[in-house]
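Chains here go by letter, A, B, C, D, E, F, G and H, matching the order in which they are written, and residues are numbered from 1 within each.
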């Protein structure tokens, strides 16, 4: 692309000033365009982190994204602020457990990907983070199956679902307190496990530090970890891998 | 016992001075005697922490204990120092993995307790700590069954032994890295689990802190925790409970 | 049990499909049944962690347990939520200090176990955690004696009760701030000590971390530790040991 | 498979005892067999963590794996111990930088996967960890391109390779000190980034804690993290994803 | 005293039962009486930690102390709770900055000790903790001189008062943020310095941890440290030393 | 100056008492005068930390400063308290984002310094801290250019402004979460970078600790760090350097 | 003293230049002279921290101190380096346990102070730190009584010596592991307790952090804390208080 | 510069291929050239971090720098490795205390900058870090004055040099243990203070963490902090500011 611009300058089809402008925003760095390509190819929207942004700010960003028919996904947004947005954008859906607000073009509401993501959660208290992961992945185009309340202290509950989890394309495993669940799942499956520690627990759980360290130190292979309570990160990573697997299939 | 002494003083059978001496070492506080009773009743020796003590110091303490036919158990003692002691006390046995040196009167070498303690360890690297727990419990009079290399990343290895672990009187569960094993064992058994974190691991295991926090935050009931690498503490607690269960049986 | 099922298949008494179903939920894992056995043998109910569950959810679980005549114990439940439950289940008792809600079948309200558990607490500020331990143990069938406000800074208060604590089957020792009490108790008694650090304190107590580390590093033997403020864990462990000692007595 | 066994029992082709044995190691738990399938399908060997294992132990495990024509990969193994193994197994290769010892069947030495993994490292001091990641991925069947010494303090070095990194299937990004590289790479690419913090640094890097926290808190999406210095984990995760993408392609 | 009791028993002047009772509360342990002696000799009251105690509980304790003409000092008590007490005990004084409530017998309101305690504070934000120290020392019978807002960032403010601080019997030095003041004072004076870190500060002050570590690591001799925000501890230690110095003078 | 005073004493022009007084407040230490010189030479006012001070206290200090025609700058002051001051001092300006209240003499409102300070911020959530830095520098006499929302996860946004940042006299770089921005800026510029970590983030950001460690460990040269959220510190350091550079120019 | 110099200038007895010189080293700051006074009055030498200093450097400082007949005390000095010094200064004594090298003028070798310091240590492993405290206090002129191996896990050992500890002028209490001993001693005595945490312990003792936190959080009054393993600090503080008490006695 | 290239393409003076090559290394990113300009303008060499690099690697880099007549500065290099380099490059000088190896062109050995940098260090143990700062600044072209052993525990030592420190262009203040020195210096001077914490200390200094936190929390303005033991960083920042001040002077 750089050479194209240069050739147009050489041929007089492009003035020096216009070429400089183009190269400054794109050829010099080339990221904005790639960004556009990425969205077209993968259907991945720009994600908006809602915390600390005003409703007005969010509406502005959301409309810009929607104008390009991209999905809109706003994370960590309170019910109250979401309702302000829904007054303006009535076709936005809000999930109060996952605290996500999102919009998808009618054409993209059905997942076109083969296979599914398993979202596995240890306890009912981890539900909000697990749902943030699950709904994020769904908005990004994946089909999700949920396996909740299957913590390691009653290992049979997990094993009961072992086969169904094993057949997923990728797993997101959410756990607080001792955070041992990803290790057990990681030992059962042959696909990547995205581990999400939660701040659920008390005393020496130190707001999720305990679960975080457990997951980082897992002796099972194929596990990687995102930040404490970062359900969005878990869902995003899983959807990204899920999409690449499908893309691999589509390209062959 | 206080009243006995007073009565003897009243009756003139005991001088004021002798009574004062007795009460000073025993009636005032009453612990030395209880200590003796405890050993007689339970066969529990004074344990010697070997680290930082010279061979001569250890020999002195050991001989005093042995003189009363008590078992002798010296923990955290190097092979080299142990051999110095064995030159003087040739009937002492040394376990180089557990780094324990001990002696038992010939009459007490067979466990007279019903049932057994399960010592469960996650990885082969946790062996030294697990053996410190197992041999400690054996020296203190318990029978021990070992279940090693049954970490949660291959949960079937543990489940294969589930029944035998369930039938133990008490379990000591040793694990490093993510330290998740006690949670899983705790969910399988109906007896107390003494969890021993080990400093095995690297990076964010922080010398056992990760495993320690995991175990303290376990969502399984019936688990309590001892210090990092404290295999002795695990074995001692288990043997204490095991003995009390048997004593309960014997007294009824 | 596995062989029974196989034999029935061999004999044609059981179809392949039914056998597969049975083995999938029970023979493969075998835990649900053990769970039932455990409750029958030991009278230990499933414990419900109340925090983060709605009153409706708790009512559902409680009724299921009660239907089997199991005791019901709900921990960390606020007065307000407890009263909602008591409207539906008027025979449930609530302890506002321990924040426990529980129900016991009329036949099981008296402890049938020999001996008692000592619940020892350092300061009046540790009361809530100590009561969580004590009431938990009582609901689980143990008799409890309380020794409160006997912190180490006035050691004579503790020593005054030394003998009565020594005669307990097991001790739960609760302390915040410097958390030194379990070490002193552990040096006085010949039974297991479950140490419970509390988040009581200020400044460098770091929400109970100070007391937790103290207890883990205790130089007294026979001490194991549960999570910060985990009075329930202390009471549960103690009741478990107490019951096993009695069971030992009953079986002989 | 469970139903197969049952049918053989029903037909009398299999005795109850033999069926019980099979189900004990497989049907009860079902993991060993799945393990075998996994290797066949994916070419993923059992990985041997070399630290703390004797040369003899490693030789035993290695021969068992090799007997099934599986690749053999031993991590964290010193040159000295590796040479002991090479005396017995002269066709094993040792990589002294990555501290990996491995063997591949002659038929599998060429990667059959489309695309490549980008291993990106910040500084020359991160080399050992980066090579552990790269060689691990190569042994597991991926093609790898290395981009070393492209730390963020000279951002042009990274940008020079931006396009080639963007075209990879997945990236492993290795960095110590401030650990900022994964954030920058994560913002440039549309594929998963496995971030590996290293313990390189001094002072307040606290043995990799600084880099670890940086990576967990990355504001770029699509990043997940493994343990400090865990190059193997980075390579394994990347190879796993790379293989699944290819498998997706092959299956369609 | 033990021998006295024994002799009375021997002489028949004291019954066994009465002797046992006396020895149980005093001879066995001997602390209660010593406690009484301590108060008589030194005028040091039992201190009541007000936080977490109800107004009624505090009133009960306060009246018991007052009944013996001891000073009453209640720490960490809110204005609201203090006013409840003042309704019952109108001659109690409350200091809202130091959050102390206290009563002294009219005869003891003037300090009879020679010399004074210097309470030195770095910033105006440390005022509450400094006042807790100062008023505590005053209630315990010391004269106090206050040197506030003399932090090290304007060292001349401190040096201006150097001589007056040097002539104190003992110093309490209160500082938050970087907590450097005790080191500078410790280098100027020839008497003990009690350092009190405060939780004043933000960011990396970590609620006083920064100041605490600074003080513990002081390279000046003669400094010892109490807990974060523990103004009471600072004042108590200083008053104790001040009194002993005077007592030394009085006894000679 | 010391010799001047001595000479006046020698000549009888100054009494011993008056000389002693002068030397006590100035010659002995000499800082107050220097302080005045500093302000005259550099136009740097005494800065008032507003948190924890009453409106009345602040008004007193502000008036004293204003009386000498110094600028007045009060940091960390709430809107409510600022309005109380503005009632008394109506020509004071309040910046609600930066939470700064300030006054400048009409003659000093225009910056007379050559060049500008670049204030660079990673995300919109870092705005308050960045503005505290920017407005502080402006009040202290610098011209400031702001570059906001240029975090490393979209590196092209930063590079777009690279040249303008490079031409600044000094940069203040503000970032939370992973805090990587100063490293990238530090690698682009040839002037000092003052890095300001913010407490923006969640989970393992630990209230800014993550960003702080990142910045301290930066492998780019020319970076130094101030406390978490200490925008004032960043702005002050930058203004100080900016002024010295100009002073260098003016003096030559 | 300032006025004296001024008067001499006024009277022409002192030139301006000489007066300026005197005031520069003393009147300006006034500390050197006070330093000299302090030593004369209290017999307190300058203490030399030996670690990181060469033998030659230490010899230089030691000779300067000795030249004024001050005691010489060098801390943290290895046997090897001490022997180098003893070659030059044969009348220096070395204590290999306390790692102290010292010299006292023959006239000052006997303590002239009334009363004694109690140095109390929990375990035999704390011996080195306790001896550093004890010998420091002895060199500084105090008489010391040692109470070793009286840890709280066998509380009767401590209580046996309670009276003798109570009669000390001040106590230094040394403990590692859980560090609970100062709390118990602090509750028994009516004099200041200097608590010295040691790095003795393993696992979660974190090199003395556990003991340090315990001591800072002690609920006994009259306790202050010095740095981990800082036996010198403990001994110095105690000797300082001891001397002031005696000085109080001497002055009255 | 971008437009220059474009114009040359437009005029046919530059081929598209050559222009593309130029823009790829420079116009696209523009950093390499800026780098060169930076060195020419400021005389600042590329700095080589010696730790973890082989002697051969360092020789290669050093020769490349020297070829352009740039100064060569290699940090953290051991005497042994330095001697290997000196065999090849005999005109390199090694400073064994600062552990720096460097070479300067004969024409640049004298500082041409006006003014000096003050390097201030608290204790003799901080010498190595202070020298790393001082020699770094000297190699980079600054004149340096050293003020060592002026820690806050003897504040008069620092004040004795106050004027000379105040007249410096910028200060580097190095301190371990409690790290209080930068706060005191920062309150005395009207120029930037670069604070360098050192890992000197023991116990709760936690390898420099204590000093680091102290410096970050300094209540003096104009202080910024570099990593623990990062003497190089301190010297580099100071030299950078010093040079800009001179450049400001030169340009006007």
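Things to note:
Keep this in mind: contacts are C-beta pairs under 8 Å (C-beta built on N, C-alpha and C of every residue); 3 or more make two chains touch, one makes a residue touch a chain.
Here the structure is a predicted model, which is why all the values come from computation and not from measurement.
Chain pairs G-H and F-H differ in how many C-beta pairs are in contact, and the one with more is F-H.
Centre to centre, using the average C-alpha position, chain F and chain G are separated by 43 Å.
Centre to centre, using the average C-alpha position, chain B and chain F are separated by 61 Å. Centre-to-centre, using mean CA coordinates, chain B is 40 Å away from chain G.
Each of the following residues of chain F touches two or more other chains: 24, 28-31, 154-155, 159, 187-188, 203-205, 209, 212, 216-217, 221, 227-228.
Applying the touch definition to every pair of chains gives A-B, A-C, A-D, A-F, A-H, B-C, B-D, B-E, B-G, C-D, C-E, C-G, D-F, D-H, E-F, E-G, E-H, F-G, F-H, G-H. Against chain B, the residues of chain E that register as touching in their complex are 2-3, 6-7, 9-10, 12, 16-17, 19-20, 23-24, 27-30. Listing the residues of chain C that touch chain G in their complex gives 122-123, 151-155, 159, 177-180, 183-184, 186-188, 201, 203-206, 209-211, 213-221.
Note for the complex: chain H touches chain F at residues 29-31, 34, 38, 41-42, 44, 47, 114, 159, 162-163, 166, 169-170, 188, 190-192, 194, 212, 216-217, 221-228, 233, 236-237, 240-241, 244-252. Every residue of chain F that touches chain A in the complex is listed here, in rising order: 124-125, 154-156, 159-160, 200, 202-205.
Listed in rising order, the residues of chain E touching chain C in the complex are 24-25, 28-32, 51-53, 57, 197, 199, 208-209, 212, 227-230.
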